[in-house]
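Next come two complexes, and both contain chain A; in the first it sits with chain B, in the second with chain C.
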Partner chain A sequence: MNWEIVIGLETHAQLSTKSKIFSGAATAFGAPPNTQASAVDVALPGVLPVLNVGAVEKAIRFGIAVDATINRRSIFARKNYFYPDLPKGYQISQFEIPVVSGGRVVFRVGDEEKTVRLTRAHLEEDAGKSLHEDFHGMSGIDLNRAGTPLLEIVSEPDMRSAEEAVAYAKTLHALVRWIEICDGNMQEGSFRCDANVSVRPEGSAQLGTRREIKNLNSFRFLQQAIEYEANWQIEQLEEGNSIEQATVLFDPDNGQTRLMRTKEEAHDYRYFPDPDLLPLAIDEAWLERTRAHMPELPAARQSRFQSELALSEQDAASLVSDRDTADYFDAVLEAVDPDDSKAAAKLIANWINGELAAALNRAELDLTDSPVQATALAGLITRIMDKTLSSKLAREVFDGLWNGEGSADEIIEKRGLKQISDSGAIEKLVDEVIAANQQQVADYRGGKQKAFNSLVGQVMKASKGKANPAQVNEILKGKLDSG
Partner chain B sequence: MIDTSLKQLSADLAAKKFSSVELTGAYLDRIEANDAAINAFITVDPDVSLAQARAADERIARGEAQPLTGIPVAHKDIWCAKGWRTTCGSRMLENFRSPYDAHVIQRFNEAGAVNLGKTNMDEFAMGSSNETSFFGPVRNPWDTACVPGGSSGGSAAAVAAALAPAATGTDTGGSIRQPAALCGVSGLKPTYGLVSRYGMIAFASSLDQGGPLAKSAEDLALVLDTMVGFDARDSTSLERSAEEYARMLEEPLQGLRIGLPKEYFGEGMSADVRKSVDEAIDEYRKLGATTVDVELPASELSVPAYYVIAPAEASSNLSRYDGVRYGYRAENYDDLLDMYCKTRAQGFGAEVKRRILIGTYVLSHGYYDAYYLQAQRIRRLVARDFAQAFEHCDVIMSPTSPSTAFRIGDRTADPVQMYLSDIYTIAANLAGLPGISIPCGLDGAGLPVGLQIIGNYFSEARMLNVANVYQKQTDWHLRKSPVASN
Partner chain C sequence: MSLTLDDVKRVAMLARIEVTDSESEQILEQFDGIFKLIEQMQSVDTTGIEPMSHAQDVVARLRSDAVTATDEHELFQSVAPEVEADLYLVPKVIE
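Here is the complex of A and B:
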């Protein structure tokens, strides 16, 4: 039997507010334990939550970005359970009415365009951390993270493979960074996924029983966990067993998922509206204000790149894969300020996606940390466009830029890399080469095309690679054919 | 100075007839001499109180006094007060010292009032007799074999025994008004949202509201001025311009329309209570008021709705007492679950546990709609009843409690009987309306009867006027309990 894998993701994006969602304590990562926990975060008797509107603002931005419904009235609810790093004994979340309903995420997997529908996105607070090492049979509790704002983004079960799930997660990851609501730092847990995985016979309309893999904090783990889990489920079904609804954990050390709790052991969270918080009301004015401050979204920018700058779909898609790259591209283009923006755009896209991407990759650097800033690359592009540099020389100049040797013009000057376009100078070189290679001249005239290429090579060599190749071609051909 | 009104105390302090240190000292002496018999206070700290009194005297000397500057006020032990032990009547918080001040405590501190001590209360404010306190029951100053009512029983008893000129309380289902009635003092529960809940240990968040207890309506007005005020730290706090609650105290009651709900005068009320309340209403007629029958048909559902909503919220509010970060933790346990179970089994008393269980049950999957949602619907009906009634009247009057103070131990075996003590007070909490209880008589055994006045939202000044004019005409509020005369 052929099996179809069905995947839905629940993604927790930590909203990049300075203070917590219900208290004034700071959210910065990495502070000494419990130094960023206020009376509210510690849940002292008598304290009350006050909603941080900055977190709501970010949820609204997300809703706009995924073309969702922003609910004008949403409700904070208490999710009740006991755990030492959950100070109040309940998490404030949204249950029946979330701030964002619906929406969709569109992305490409290979050559296919894929749309994943979103169920909802809701605001909630993060818990603290339990520290099990270093306490000799006891556990430490760090409440710095308690109360950090999260947006939980829930997708419909619209993905059919681990690849699709990863592509969706990467698109979402780029989007939340693009609209500046989350720093996307997966190592620090700012962006993490739970994957609901089930399998069913191909062609079946009914969903299989799902198991939820908790807390996947890298795209690689997401891929591995889904693959392992789907295979495990298929094996079970093929052996005649059934799947029991459960929550599982992924162990990166052995690449396997293991049971955490079954449905019977699941908590009854006893959700009810939090009486300490009023319903969250979002009026038209707030929506409009937020909409006015939205950046151009990836899809819009990609289509602008394609229609106005005639970039290929592949180039454009690659440039909008994250906001930094797209902004970098726009900055270079603006600095070059070319007469022919389409030609420049193509050249810039090639450099960003080619030479620069490779160099960053080798150095394991992000674009934001690139030693070659947009204006510096623009200087290089300008000299390619005005034919000062051949593509070979341009690469040399790029190395100079990367190593911090100054601007493109300074490097050209210092290294003497200017392309020779003075036809008198090139003519002189051509004459010398013709004089020194009579045999090859004769071969060419005898019909051997190969000899011509060899002569061009000699001229280029004599110019130390600086002669304009097109001009060399033209002058050499003229002299040989006329002589 | 012990029987003096707050206004007079304030004037005497300003005139230097006596100092705040003398006044505070006099009350501390009375507590020292009489509280062993009453048990109204959980914590008294004379050094701290007298230091505050000295600071108040200096402030008075500088001419910077406000009406409450130098006046000692006792606080229900539900308010977090920096440096003070704040127990909420529970073993769970027996040794908890708050690192911060509740908004209300901050307001009293800014006003220059003296914190006279922390008063006894039912554990986590759950109770109507003050018998659930971990620190032992409070005794009614009128008859020490009887309960003072609850949950603000310590505050009511302290005022009734003249151990404090005024006190603060909180009212979730009648916890200010019912003990005020049983102790023969005046108590006011304001409109929900007027007094910040920040730093007031939560029982049932959507019902809890702080308010004053004192000897008279006039005194209530003065204390209320200090308690009310917007607080951004409480999302349910209402942002309104300040008002002076004493501004209408003396206005004549000619034309006042008093609504009398038949549902509040039915079965279950003792004959003595009925007689005193009827006489009080007659007195109002003499003062120019008219009475009109009103209907509050959802009333009979108030108690069951309350005993779903309040425990539901409480079960969640009290989850933070888990032994992890502060408060009581069991000494011996095997693992995390065992630590939770033993800590909460040992740290909470029986009534608190009962309500946590009820609350957990009604919020559980499969029961939520039938209990919690249904109770919320009833709550809206109750509010609608009042809205319709207030189209025909200015205030609603009723007994505060169906009976006068009962004997300690009489109702502890029957929780439902105990819950019915609040049958007339609960609806105001469900609707968020303000309510006052003032003394209006004594029963055959010489125990006080309370008259409840329920007003429309934000009508506290008018309600205090209604109470004050009656008190100017009668002397029930001036009757002294035996302990107060000691």
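Here is the complex of A and C:
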């Protein structure tokens, strides 16, 4: 039997506010334990939560970016459970009416365009952190993270493979960074996913029983966990067993998922509206103000790159894969300020996606830490466009830029890399080569094309690689054919 | 809707409240009273009335996104049963 895998993701994006969602404590990562936990965060008696406008603003930005409904009125609820890193005994979340309903995320998997519908996105607070080691049989509790604002983004079960799930998660990750609502730092837990996975016979309209894999904090783990889990479920069903609804954990050490709790043991959260918090109202004016401050979104930017700058779909898609790259591209283009923006765009895209990406990759650096800044690359592009540099010489200049040897012009000057485009100088070189290689000249005139290439090579060599190859070809051919 | 003693025990367990069997029977009686009241309220025709999530018809006032709290962990931890390395210590719980 052929099986179909069905996946839905719940993603927690930590909103990059300065202060917590319901208190004035700082949210900075890595502070000494409990130094950023206020009376509200540690849940001292008598305190009241007050909602942070910045967290709401970021939720609205997300709603606009995914073309969702932003509810004019939403409700905060208490999700009740007991755990030491949750001092109130409940997490403030949203239940009946979330701030964002619906929406969709569109991305490509290979050649195919894929749309994943979103169910909702709601605001909630994060819990603290439990440390289970080294406290003579006790657990240590750090409440710095308690009250950090999260946006939980819930998708419909629209994905059909681990690849699709990863592509969706990557698109979402790029989007939340693009609209500057989340720093996307997965090591620090700023962006993490739970995956609901089920399998069903191909063609079946009914969903299978799902198991939820908790807390996946890398794309690689997301892929491995879903693949393992789906295979495990298929094996169970093929052996005649049934799947029991459950929550599981992924162990990166052995690549397997293991049972955390079954449906019987599932939490009964007893949600109810939090009497401490009044309904959240978002009026039209606030929406419009936020809409006016939205950056151009990746899809719009890609279509601009394609229609205005005639970039290929592949080039454009690669440039908008994250905001830093797209901004870098625009900055280079603006600094070059070319007469022919289409030719320049293609050239810049090639350099960013080619030489620069490769160098960053080798050095394991992000674009924002690139030793070659946009203006520096623009200097190089300008000299390629005015034919001062051949592509070979340009690569040498790029190495100079990378190593901090100065601007493109300074490197060209210092290393003497200027391309020779003076036809008089090239003619002189060609004449010398013809004079010194009579045999090959005769071979060429006798019909041996190979001899021509050899002569071109000799002229290039005589110029130390600096002669403009197109001109060498032209002048040499002219002289040989007329002689 | 009528509740059973098992329902009472389950609710008590979820709320981490220890109840004896005789207390459970007392609570069951009180719960039944509360549910009767709810049933009575539910018999009111509320067609066309928008549900409220709060007793007052007002909306939340928000605070600006600014850090206003200072580090008071020493004060807070002075009443904690056990503290080490600035962490609150609790009996080990691993899920």
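Going forward, the second predicted complex is superposed on the first by the 483 of 483 C-alpha atoms of A that agree within 3 Å, B and C clash if a C-alpha of one lies under 4 Å from a C-alpha of the other, contacts with A are read in each partner's own complex, and residues count from 1 in each chain.
Here is the rule we use: contacts are C-beta pairs under 8 Å (C-beta built on N, C-alpha and C of every residue); 3 or more make two chains touch, one makes a residue touch a chain.
Note that the structure is predicted; figures quoted are calculated from it, not measured.
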Inset, instruction - Quick one: classify A:141 as touching chain B (first), chain C (second), both or neither. - result: both
Inset, instruction - Figure out whether A:369 sits in contact with chain B (first) or chain C (second), or with both, or with neither. - result: neither
Inset, instruction - For A:90, decide between first (touching chain B), second (touching chain C), both and neither. - result: first
Inset, instruction - Please indicate which partner A:111 is in contact with in the superposed arrangement: first for chain B, second for chain C, both, or neither. - result: neither
Legend entry - Partner chain(s) touched by A:275 [first = chain B, second = chain C, both, neither]: both
Inset, instruction - Examine A:44 and indicate which partner it touches, taking first as chain B and second as chain C; both and neither are also allowed. - result: both
Inset, instruction - Determine, for the superposed model, which of the two partners chain B and chain C contacts more residues of chain A. - result: C
Legend entry - Partner chain in contact with A:78 - chain B first, chain C second, else both or neither: first
Inset, instruction - Give one of first, second, both or neither to describe whether A:132 is in contact with chain B, with chain C, with both, or with none. - result: second
Legend entry - Residues of chain A that lie at the interface with chain B and also at the interface with chain C: 39, 42, 44, 50-51, 80, 82, 84, 141, 268, 270, 275, 277-278
Legend entry - Touch list for chain A against partner chain C, complex: 17-19, 23-26, 32-39, 42, 44, 50-56, 73, 75, 80, 82-84, 96-97, 130-132, 135, 137-143, 260-261, 268, 270, 273, 275, 277-281
Legend entry - Residues of chain C defined as touching chain A within the complex: 14, 16, 53-56, 58-69, 71-73, 76-77, 82, 84-95
Inset, instruction - Enumerate the contact residues on chain A facing chain B in the complex. - result: 39, 42-51, 78, 80, 82, 84, 87-90, 141, 268, 270-272, 275-278
Inset, instruction - Flag every residue of chain B that touches chain A in the complex, lowest number first. - result: 79-80, 86, 88, 93, 96, 98-100, 102, 197-202, 204-206, 232-236, 312-313, 315-316, 318-320, 322, 324-326, 336, 340, 360, 363-365, 368, 372
